[in-house]
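The structure appears right after this line, and notes come after that.
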Amino acid sequence: SELERRFQAKIDADEKIEPKDWMPEGYRKTLVRQISQHAHSEVVGMLPEGNWITRAPSLRRKAALLAKIQDEAGHGLYLYSACETLNVSRQELVDQLLEGKAKYSSIFNYPSTTWADIGAIGWLVDGAAIMNQVPLQRCSYGPYSRAMIRICKEESFHQRQGYEIMLTLARGTAAQKRMAQDALNRWWWPSLMMFGPNDKDSPHSAQSMRWKIKRVSNDELRQKFVDVTVPQADFLGLTMPDPALRWNAGSGHYDFGEIDWEEFKQVLQGNGPCNRERMRDRNRAHERGRWVREAALAHAEKRRARAAAQTTAVAAE
Amino acid sequence: SELERRFQAKIDADEKIEPKDWMPEGYRKTLVRQISQHAHSEVVGMLPEGNWITRAPSLRRKAALLAKIQDEAGHGLYLYSACETLNVSRQELVDQLLEGKAKYSSIFNYPSTTWADIGAIGWLVDGAAIMNQVPLQRCSYGPYSRAMIRICKEESFHQRQGYEIMLTLARGTAAQKRMAQDALNRWWWPSLMMFGPNDKDSPHSAQSMRWKIKRVSNDELRQKFVDVTVPQADFLGLTMPDPALRWNAGSGHYDFGEIDWEEFKQVLQGNGPCNRERMRDRNRAHERGRWVREAALAHAEKRRARAAAQTTAVAAE
Amino acid sequence: MTADTEKMTPEQQALFDYLLRLGDNAVVLSHRLGEWCGHAPVLEEDIALINVALDLLGQARSIMTYAGEVEGAGHDEDALVYRRDGFDYRNVLLVEQPNEENFAVAIVRQFLFDAWHYELQTALLQSSDARLAAIAAKSVKEVTYHLRHSSEWMVRLGDGTSESHGRVQEALDDLWRFSGELFEADAVEERMAAAGIGPHPQSLYAAWSETVDRVLAEATLSRPEDGWMQSGGRNGRHGEHLGFILAEMQFLQRAYPDARW
Amino acid sequence: MTADTEKMTPEQQALFDYLLRLGDNAVVLSHRLGEWCGHAPVLEEDIALINVALDLLGQARSIMTYAGEVEGAGHDEDALVYRRDGFDYRNVLLVEQPNEENFAVAIVRQFLFDAWHYELQTALLQSSDARLAAIAAKSVKEVTYHLRHSSEWMVRLGDGTSESHGRVQEALDDLWRFSGELFEADAVEERMAAAGIGPHPQSLYAAWSETVDRVLAEATLSRPEDGWMQSGGRNGRHGEHLGFILAEMQFLQRAYPDARW
């Protein structure tokens, strides 16, 4: 159709699509799915990190962790707002999450079992997230693109903080170094999985690329992440848990081993170590907060009614 | 009346009153109140000690603490049974506790905040309890007297264990010794209060003495406890938190300072540091266990019905 | 860590104790707020509660650093927070009360504290101790926000639904017995007042009470009777909850005493 | 404490790992049972749960003492339990699952474990390791009682009220995913089986499964489908709960490393 043609032309010209512009239903749906997944990931991602707030080993680290989680809650809010510009309410999106109909990043279904995990999450998980998100700053949908610019800036701050935690541990006592290596062993492969299936197994990508919702392929991003991260691990003096990992002078990239796609599939299907715990926690918080949200609504309604009554009374004088 | 005269004669002759014997209603009521208070105390007393099970500092101490608390639950059971011989159901008694109508020993309204408290509770609280209970082995009511014989034996084992914890701490590091002294400071006065008001303020005692439900006066027992305990504290190398405490060669007893009866009154009235926590814990356990008790009853009922049906079927054959 | 206080003068000792009271309140309340993280009733409230937790943590860090200097035994903020035993903690009992996964409890606890904390920090602006006055100058802005936040929730919950009204009134009735400790005077507080370092605790009562009355009125809540008040926290006599807070909070520092983080 | 295992032969290392698995199961499950103390649904059950906790603790002490001797690094039972880090704990994930203040969870967890533990201890009676066989001789009697106790509750709750049936079925469905780990074979287990020290894990499955079927049938409960099974605990990959268990359990030993208790 003409509308579609003009829409695609705008995208091809690298102009932004804004909420009031016409857009194909598929474009809208794809964006809603992608942005809401991202929002849910920020919210669920608070749990493995929140797990260490009460046990952070110094006041400085505790403050940084609190601030980081606060940023993530804020990202969740922007992203839900960006989604709402696409005519879907936050309530609907949250319900989809709580009913298990919506996805969130599968990495958050792994447990954070030592303090080093807070370092590894910042370094690897935020690192992989940034790699995914930087190209999205140029996404064709205006509100998402602008949210990404702000989010990426904060994420890279978190990523540096995480790396610094790892560095402190890696340069610390033998017990701390062991903790750091253990965290790397557990988080490395899941963070590679964050880029999604191999390109050959990722059928939705072509359309998303045309729409400039997705801008770089999974495998390209994953390779870039590996290339950036391996020297960082070397600098830490830690060993990557991948015997196949080696520098390939010919390609100018690191070769790395095969991802365990069965594990990836199981985690996506709800069988990760913490899928049930995460959903249980979110559902409980939601249930236990119900009376509070109802009270806030009821109170706002009372205020509106009183203000209206006062206006009427004043007008009648 | 003749019944009363014969009843009192039996008591005067140091014979035991048994459940099927006639007894005055006042005697029955006094016993129910006293035995059920004692039972409730065993049950509520599990809480301050249970508070340290997960944190006991060695496996040996943890096992001893678990065993001690198990004994207390057992004492609760015997005592409720002894009470049931007086025509009152355990359910009624438990309801009285949960509704705040029945008392329990006010000492359990103090918090157990360090490991040394487990030592101090054993040494002082069980020590005071034994002092109260030893004469009750000769109580006129048979079931209570027999329960007391068994309970006293176990309590004195607990008391020695508590003292041994204190000794280990007092002979330990500076931090441990400080912990032990702190616990003594906090538990000494409340343990003196366990003997109840001064004799001049204890009006019910005369009748109880005649009935041989109570056999030694509050002040006598308290003095005996002080006389026994002060040398034990000396042996530990700990200081009693009472500047007025001194040996009186004339009386052959220790003189000691005035008890803060206002504090005693406040704790009895529900204003101790943990009254609300203790009642909240008991009530929650009761509420959360309701479905379990209902299930057990329903299942027992089903079994009975099935057994009856089978008997009928067999009889019909 | 046992506070080695032999070398302090009585004035320094009193100031040290006073600073620990201020700092411990902030540390412990911040911990309780942190427990909500990811479990608040609405995402905006996750952010708001973390915000308060962060402010209190920042205040605690400034105060503890200063306390360590006054003590002169080489303890930094982390040594004072992570290596001190429960009976050396000086927070009021109010702040250690558990959340019970009940937002009403968190809000009432916070409101009773904020209304007092606001008056305290305002008074500390005039402290003869320049360091405390400087900390107050920063804190008073934060505390103003905290009080607004908790007051607004008191009103929303009190004048919301009948369920919320009942819950918040119940929490208020339950926590009221911890409010008296905020205004207790003892040798430490008297000495601080005499030296112009801190306000006399009782001098804060009238304004606190007025704030409480004003907010409760708007929230349609009843002010509980002043019954028997619990106390002891400021002198190290705590309830059974603090030990669990510290076991969790201090675990890593205790388990790896030679590590830096 | 980091296990200093350099001086052990591979056989000793495998035996040490095996003993830690046995001992850690008992320590962690005993801890979870201890959390019920004073909060059980009925006083008789306070006694019964403590009884099971005590038996497991006793088994843990015998096993840990032996493990310390095998390791040969001078660690006694307390050193192994109180100074070992989470990722050195070798318990199965099942036993670290939280009580959730839900008796159904406690009973299902216990039943799935007991039905396995009974088969294990029975098999260990035949161990070529005399020490383990002797420990099993004592344990098997205790475990027989545990299994009877948890089975009876499975039946009471399953065939009780519709509420109790629903709760226990839900707990069963939820915890089933942790049952697979009990029967996993790995190098340690294979080596123990080859040496006749312990049974091959899979050899316990048929009897376990039969017990489960029999009790579930009487309890009118449905056996969940075998879906994806969680594992990792026996190799030190735990969930987020264990860290909190250890922070609490180990606190005093960690806070006062030079003290004896």
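Order of writing sets the labels: A, B, C and D. Residues in every chain begin at 1.
What we mean here is this: a residue touches a chain if its C-beta (ideal position, glycine included) is under 8 Å from a C-beta of that chain, and two chains touch if they have at least 3 such contacts.
Remember, predicted model here, so these are calculated numbers, not experimental data.
Asker: State the pair with the higher C-beta contact count; candidates are A-C and A-D.
Answerer: Greater number of contacting C-beta pairs: A-C.
Asker: Would you mind pulling out the distance in Å between where the CA atoms of subunit B average out and where those of subunit D do?
Answerer: Their C-alpha centroids are separated by 34 Å.
Asker: Give the residues of subunit C that touch two or more other chains, as numbers and ranges in rising order.
Answerer: Within subunit C, the residues that touch at least two other chains are 85, 247-248, 251.
Asker: Using the touch definition from the top, which residues of subunit A touch two or more other chains?
Answerer: Answer for subunit A, listing residues that touch two or more other chains: 55, 175.
Asker: Quick check of your reading of the touch definition: is the inter-chain graph here a line, ring, star, complete or other?
Answerer: other
Asker: Would you mind giving me the full set of chain pairs in touch?
Answerer: Once each pair is checked, the touching ones are A-C, A-D, B-C, B-D, C-D.
Asker: For subunit D, which residues count as touching subunit B in their complex?
Answerer: Residue list for subunit D touching subunit B: 31, 34-35, 37-47, 50-51, 53-54, 57-58, 60-61, 64, 77-78, 81-82, 101-103, 155-157, 159-161, 163-164, 167, 245, 248-249, 251-253, 256, 258-261.
Asker: List the residues on subunit D that touch subunit A in their complex, please.
Answerer: Residues of subunit D touching subunit A: 2, 85-87, 174, 177, 227-228, 230, 232, 237-240, 242-243, 247.
Asker: Enumerate the contact residues on subunit B facing subunit D in the complex.
Answerer: The contact residues of subunit B facing subunit D are 43, 46-47, 50, 53-63, 66-67, 69-70, 73-74, 76-77, 80, 115, 168, 172-173, 175-176, 281, 284-285, 288-296, 298-299, 302.
Asker: Quick check on the complex: what are the subunit C residues that touch subunit D?
Answerer: 85, 244, 246-248, 250-251, 254-255, 257
Asker: Which residues, counting only subunit B, touch subunit C once they are in their complex?
Answerer: Going through subunit B, the ones touching subunit C are 48, 51, 55, 111-114, 174-175, 178, 182, 186, 266, 269, 271, 273-274, 276-277.
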